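In the two complexes below, subunit A is the common chain; its partner is subunit B in one and subunit C in the other.
This part shows the complex of A and B:
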């Protein structure tokens, strides 16, 4: 340590303890609502295609980010390729994880974008960039219309 | 380059700045849309009205109030794609409730400096995401040592301010309630309005007490919504329209954060901000030279308070103008012809749509059913925020 603070216990000083007590309910939006309904009810993957430039967004959006045109929904397979991956070995309290988690950026077929998600049913040493993967969904009865309805992507 | 030297104010303006388009979503609880989607709807509308596409836009300014509403830290970055800012110089500005006029002031810097010829300004607020109530977010704006332990909220301090204003100027609640009556009725002609209604002074005085003297109908509602304006350099404006509306002056000022040390009866922050904007716009007698105004009206007394800060009425006399109908839409000095925050709604930053955008529409004679009766040349928009300490003012005119 390079500093010599004499007071190490903050509570020795006159102080007030405070918490910010707020919570939020985030709605998934017009495009998100369609996307998650299709995922939950039908196990389908929706993307959206710009009616002007043809750029395809996943997850879908109602507008094209670059030319502000409207988009139309299309169905995609949900399969893709690993573009980058990272292996998390510590949890958020810096405790070693019993089973390290593999996070990957996945380039989805027939879209112009990627998403980040977990990889599963694969050994760390077997993962490579460019690896083909496909999504594994929760059983229909457990799905809630959230991104976590996709459990992970596995090699295909 | 125009170099203006006005006593006490020096500024170098590379080019004149015009507003050539505006957009506004409906204001209400918009549970279905995300903040990004709301931003997109407003921005698209402003682009369409100006006859521009997003590819014509050089830079984007986003205005949005506390991150605590949307519940996303770094909300500016979160809203980027919906506001057309991707791959462009983009910045978010935030001065609480003052943001609705501060964001277009930032847009003005972009164009007046010559850095951008076309600047899109988008303001967004989605308050409904925040629980237990959007007001809860305001519990955390206070000094954590001196004030927060007393559990103040915003209604509470506005009640203090309202009472001080009433006491010093000897004004009755009836006089103040007339503002709510006027603005909610004006809002009947606004397609975005959330709380348009025909009400009476008695309705206001008998409405639910919140923190006395403030009652339910003295207050604007929390809302979700977005608004946008297109700000362009004069050579672009000439190509797009015969009726540009020029930004002739901007001003902003903050009073001390030690709010209990201010005398709450008069908004000095607004007076200072107006002084700056009027100097720039060469306005010496605002009561005579301003034809229409949109002072910030989250509470009914605030419209009067701010009119006095803006020099549109003498101290303690704004309510007389209201009572005499001078501030009505067909009066000599129409105030909040949009319906204001009291009638249209109060999605904090997005109120740019009923302040700056409304004055733009009025001066371009595009306000439709809300168009004021008199001939208009010069108008002002004003907002107020932070710890009730910032005044933000913009002077607009259809003449340069």
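This part shows the complex of A and C:
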């Protein structure tokens, strides 16, 4: 094919656009279900404690991963300490954020687990590792049984 | 079989409650009895047609079926390619083929792409195009014919959209109709 037979005007090059319809439902499981219901209905944080070794799981599990014993649910305060944090200046589409978000791993009191969530009511410069934080929940009527029912953690 | 069932019961008896699990029904999700997350990714794509097929699709707008020729193996490639896959060399010439052909194989579909029942079945056929090399053709639908009257080897002719409605898509040909005696 000679060069002048090739399409050089890009507007003459064809393309087909398509969309793949796809969705899925991810259930929280037995323990996750209890956790989210307690969060939604009572604004409480649940963890689960192994009845044999005493390890406390957060998020709660229905059995201990180390000795396969059953666990029991316990209520915790939801307060904790910042283990690590990162500042996001872009959103998930890489567009600049007007207000940068602070993501933190928070070790919750009385548990061996942690949670990854946002920090709020705090300046970026003031955040430090080991900072005490407590959760701020949505008003009860807005809660829908999701992790976003917790708006953010604020210094306490 | 009996033994398998007995073992199943034993497993259920001897293991802790969490091993048994809990069955979730569609209603549990719909009525919000269990907590869940619904994910709906936005998966969009754009498939580029490339040099040869772009030219072919633009040709459809003018009511032409374009093909390419390879002088080495003397084949007429349809749908057109810019590279001969047998001789491993670029094609030599563009040419036009007729908008008629022969039904190579066909299938009658009673459902649409979403597996919903169709009121009127559609007949999908592979059509060998006149003027192209043997067994070269496209997949399209047949019209103006009853499913029971279709047969392999049936001569068909393209029924085009009015020129004003064509947009350079394979659907510029609405369907192929029987052309016995043409």
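Here are some notes:
The rule is simple: the second predicted complex is superposed on the first by the 136 of 156 C-alpha atoms of A that agree within 3 Å, B and C clash if a C-alpha of one lies under 4 Å from a C-alpha of the other, contacts with A are read in each partner's own complex, and residues count from 1 in each chain.
Here is the rule we go by: a contact is a pair of C-beta atoms (placed from the backbone, for glycine too) under 8 Å apart; a residue touches a chain by one contact, two chains touch by 3 or more.
All figures in this text were calculated on a predicted structure; none of them were measured in a lab.
Using the contact criterion defined above for the overlaid structures, shared-chain residue A:37 touches subunit C, although it does not reach subunit B. Looking at the shared chain after the overlay, A:26 reaches both subunit B and subunit C. Touch criterion not met for A:94: it reaches neither subunit B nor subunit C.
Set against each other, subunit B and subunit C touch different numbers of residues in subunit A, with C touching more. Once the two complexes are overlaid on the shared chain, A:6 sits against subunit C while remaining clear of subunit B. By the document's definition of touching, of the two partners only subunit B reaches A:65; subunit C does not. Of the two partner chains placed by superposition, A:126 touches none, neither subunit B nor subunit C. When both complexes are overlaid on chain A, the residue A:16 reaches subunit B and subunit C alike. Shared interface residues of subunit A (contacting subunit B in one complex, subunit C in the other): 16, 18, 20, 22-28, 30, 32-33, 62-63, 68. Taken in their complex, subunit A has these residues touching subunit B: 16, 18, 20-33, 61-63, 65-68. Interface residues of subunit C facing subunit A in the complex, by the touch rule stated above, are 16-18, 21-22, 24, 29, 32, 34-51, 53-55, 57-58, 68, 82, 90-92, 94, 168.
For subunit B in complex with subunit A, the residues that touch the partner chain are 31-34, 36-37, 40, 43-44, 47, 53-55, 68, 70-71, 81-82, 84, 86-87, 129-132, 136-137, 139-140, 144-145, 148-149.
Subunit A contributes residues 1, 5-7, 12-20, 22-28, 30, 32-33, 36-37, 40, 62-63, 68, 70, 145-146 to its touches with subunit C in the complex.
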